[in-house]
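First chain written, first letter: the chains are A, B and C, and each begins at residue 1.
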Amino acid sequence: MSFDYLWQGFAVALTWQNLLIGFIGCFIGTLVGALPAIGPINGIALLMPIAYSMGLPAESTMILLAAVYCGAEYGGRISSILLNVPGDAGAVMTAMDGYPMAKQGRAGEALALSGISSFVGGLIGTIGLALFAPVLSGLAIGFGPAEYFVLMIFAFATLGSMVGSQPVKTLIGCVLGLMLATVGLDATSGAYRFTFAEPELGDGIEFVVLVIGLFSISEAMIILEHQGKGVTVIRELGRMTARWADLVRSTGATIRGSLIGFVIGVLPGTGASVSSAVSYTTEKRISDSEGTFGKGDVRGLASPEAANNATACGCFVPMLTLGVPGSGTTAVMLGALMLYNIQPGPMLLTERPEVVGGLVASLFVGNFILLALNLPLVNIFARVLTVPNWLLVPGILVLSVIGVYSTNASVFSIFLMLGIGFVGWLLRKAGFDMAPIILGFVLGRVMEVNLRNALAISGGDISILFGSTISIVLWIMAAGVAFLPLFLSRRAKRRMRAMTVADPALD
Amino acid sequence: MTRMFTKTLTGAALMVLAMTAFAAAEPAKPECLAGAKPGGGFDLTCRLAANALLETKQISRPMAVTYMEGGVGAVAYNHVIGKRGKDGNLITAASSGSALLIAQGKFGQYDETAVRWLGAVGADYGVLVVAANSPYKTLGELVEAYKASPTEFPVAGGGAVGSQDWMKGTLLAKAAGQDAKKMRYVALEGGGAVLTALEGGHVKVGSGDAAEMVKHHVAGKVRILAVMAPERLPGELAGVPTAKEQGYDIDWPVWRGYYVGKDVSDEDYNWWVEALKKTTATPEFAKEREARGLFDFTLLGKEFEERVHTDVARFKILAKEAGM
Amino acid sequence: MSEAHSISPRTARLIGRVSAIILLLLALAYGLGGSVIEYAFASDPLGPRVFPIALAVVLGGLGILYFLSPGTAEGFPHGALLARVLAIPALLAISVLLFEPLGFAVSIFTLTLGTALIFGAPPVKALIGAVGHAVLWWFVFGYVLEVYLPAGTVFGG
């Protein structure tokens, strides 16, 4: 195992251009995280086409998107603490103790302390990622079409954890994504499928069009519906630095949260919402001897905040080593790689070390930038919470239109985005989640092409799918992973439910 | 389709502008349309024209390179025919792959006579490659091995059935006297994937292009068994025999060139042909062409138009033979 | 957040059943479409039709399961709110039609002004905001990032 890629990555990440891009990404990410209306996936979906059409190289785009992703995990805490509304999914548990602290006039302290826990979590997560990333690269050469197909099976199996309360809907979402991926030129036989003789559909549905439709257009409609549910921003921030005693008291919680967060992040399919819930409940069980959790305990604030940041870094492990997205957000980032004609997978580290290394190194740098942004400048971000929707949403829509137009310069694709967005809204109303559609779309083409190529190699003999050690291990892992996170998230949910009853503040 | 202007050239352009007298029929807004995303083969073809024409002062203003992705050039082809048929400013990049798609009716309702073919300015050549540790050292050995067990011989290429890489594979099958339809063709995404599949031992032979494979050949990762050119290629591939030398009549040039709309005036058409003729004769052009991995292949005006028409006819026969 | 929007189980069931029927019809159409894909021949044993047909079958099965147990749904807004929500895609469609003929600035102005009004902004503020958006994005994308945007064919762009 060699860390050359990482030193090479630092050389990439420390160029002034990439430092600037990282800084911009961290800033936008914190902003996106702080705004309850949009999460990291919306931010990434909007920025990806713009970065691409600006002609940024692949590694710079990945640095930008990763910075946004991590920044959002930092920023999410701001609205959790000040509004009692989580800024993104990973910040749900941060409100449990953060909001009570803010109500006691200790909002500034809560922001500072959680900023530091975020930093520790992010740093521990990044170190874990740096150690993990090269582990699998030696296997890469053994990956032929058959192994890739089984890898995709494994990827779909990990969806077990995203299944949530309505598994049928998750699976339908996946199938819809797979179906959308079949539109366009068939990469094996050269036949046109479902293009309705429209040449603009010949190359299939652009990833950007799908992502922006699902995550921006439908989001704008949802924001309007949710508008007007009164929330009040706490404006009295009080002391803006963390107390030394609180830091000492929360050290254990922060480190435990980071480790739990990273491990859960590495498991594909489990995101920051699961890890923050698990770390919070674990911490409560370990430390809450006086029953102060939920009433403004600093440990209850530090633990989930460290965890969600560590998870964001951990999520990159399956993405960078296997090309398997662990969450909707990493699925979008994989799609961004494909925009650059970079095939994600075990080959990535050997073929494009500057992309993997640059991303990992930029996370190290980014955490320091984020710490700097989130301690002294937290006031600015807190003020952003008061930006009214009528000013924010038009901005989202403009960015959506420009994003799609700049990658395709065709009005047809904007209309396609609009149609997809509208259908996405209908699906969301019917209780569907958008992330499985993206996962199905990203994985679908790889899955079909590799299955067919594997069978082309073997002449139709399906034993090729079980023919190598790698495939067999993957089949076993697929079976294992399908059931483990299901069990984990069910447990987390049960605990969360128990707590929601005890503390109605979360609603 | 993205529109990006070759802004790096603006400085140079201003200087040229100050120095050159305008040619009589020079297009006011020279533009090259690439029927794909930035970075692909069409982009490369456009940039070759944009750089070389400006460098050799055939045009005084920088040429804009615009992009229109879709159907491997089909969207651009239909766009030029439908909307820019008279536009003398615009040239559009094409390759022998375009002729192959036209032959298969994949460019929509239009055939090769719907545009005016301007000229080809360079070519790459097809190659057959095996992994470095493969037992086959010559094309003859490969063909014999294929003949011996055609059903256990996966051939990989960087494109779908009907693509150029697939056609090259069918030529191998034909050389071995086998049915191309029964060939175990593995359609991968691009030459990089072919390389990986060869190295991993998943396929026995790959078809690709010389320019892309040569560096891996030199690095010792793969072995090029034959180039599909009429004569040996210069440079690092001088040591690799042609298919013809080894007794197989397999020829596959991948030319790169341009077309303009059907209703472009003869003056404009001739201006472009003349400009390309002058440019391609210069050493600066040769350097630009080599930098893009292309070999000498210049065919302009009428001759090129005839070449495209015979290519399309030949591809139609080949595709039919192969079972399309 | 979805808890806040919960609706009666009967409405949820209705939404679920209707969605399931639409999905079943989609599966049927997609499967039929998939089974008539034209191709000369495939070099692989499956060909381009098998995967779509398999997906249609899976979607059909899932659609039936969904029909039998529709689960919960978020529910649709009613009355004036519904009209406002639907006005967003309608407004977008109009702005997109203006995009190439009238250019980016006009189209973005229309879009941002309309959206602000839909979101209940006071008209004067909405107007100022829309001008601000149009100028800001034109500057950011047209000049700073040099992304290609149409200037409008009527203006000779």
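By our rule, a contact is a pair of C-beta atoms (placed from the backbone, for glycine too) under 8 Å apart; a residue touches a chain by one contact, two chains touch by 3 or more.
Nothing here was measured: the structure is a model prediction, and the numbers come from that model.
Contact with both chain B and chain C is made by A. Among the chains in view, A has its Cα centre nearest the centre of the complete protein Cα set. Between A-C and A-B, more C-beta contact pairs join the chains of A-C.
A separation of 40 Å divides the Cα centre of chain A from that of chain B. Separating the CA-averaged centres of chain A and chain C is a span of 22 Å.
For chain B, residues that reach two or more other chains under the stated contact definition are 2-4, 161-162, 166, 184-187. Multi-chain contact residues of chain C, defined as those touching 2 or more other chains: 39-44, 146, 148.
Counting partner chains per residue, chain A has residues 53, 186, 188-190, 406, 409, 453, 456, 459 touching two or more of them.
Chain B contributes residues 2-4, 7, 161-162, 166, 181, 183-187, 323-324 to its touches with chain C in the complex. Per the touch definition, chain A reaches chain C in the complex via residues 50, 53-54, 165-166, 168-169, 171-172, 175-176, 178-179, 182, 186, 188-194, 217, 220-221, 224-227, 229, 388-391, 393-395, 397-399, 401-402, 405-406, 409, 411, 414-415, 418, 421-422, 425-431, 448, 451-453, 455-456, 459-460, 507. Across the interface of their complex, chain B is touched by residues 53, 55, 141-145, 185-190, 199-200, 202-203, 341, 343, 347, 351, 406-410, 449, 453, 456-457, 459 of chain A. Contacts from chain B toward chain A in the complex involve residues 1-4, 38-39, 67-72, 74-75, 78, 106, 108, 151-152, 154, 159-163, 166, 184-190, 192-193, 196-197, 199-203. The residues of chain C lying in touch with chain B in their complex are 39-44, 146, 148.
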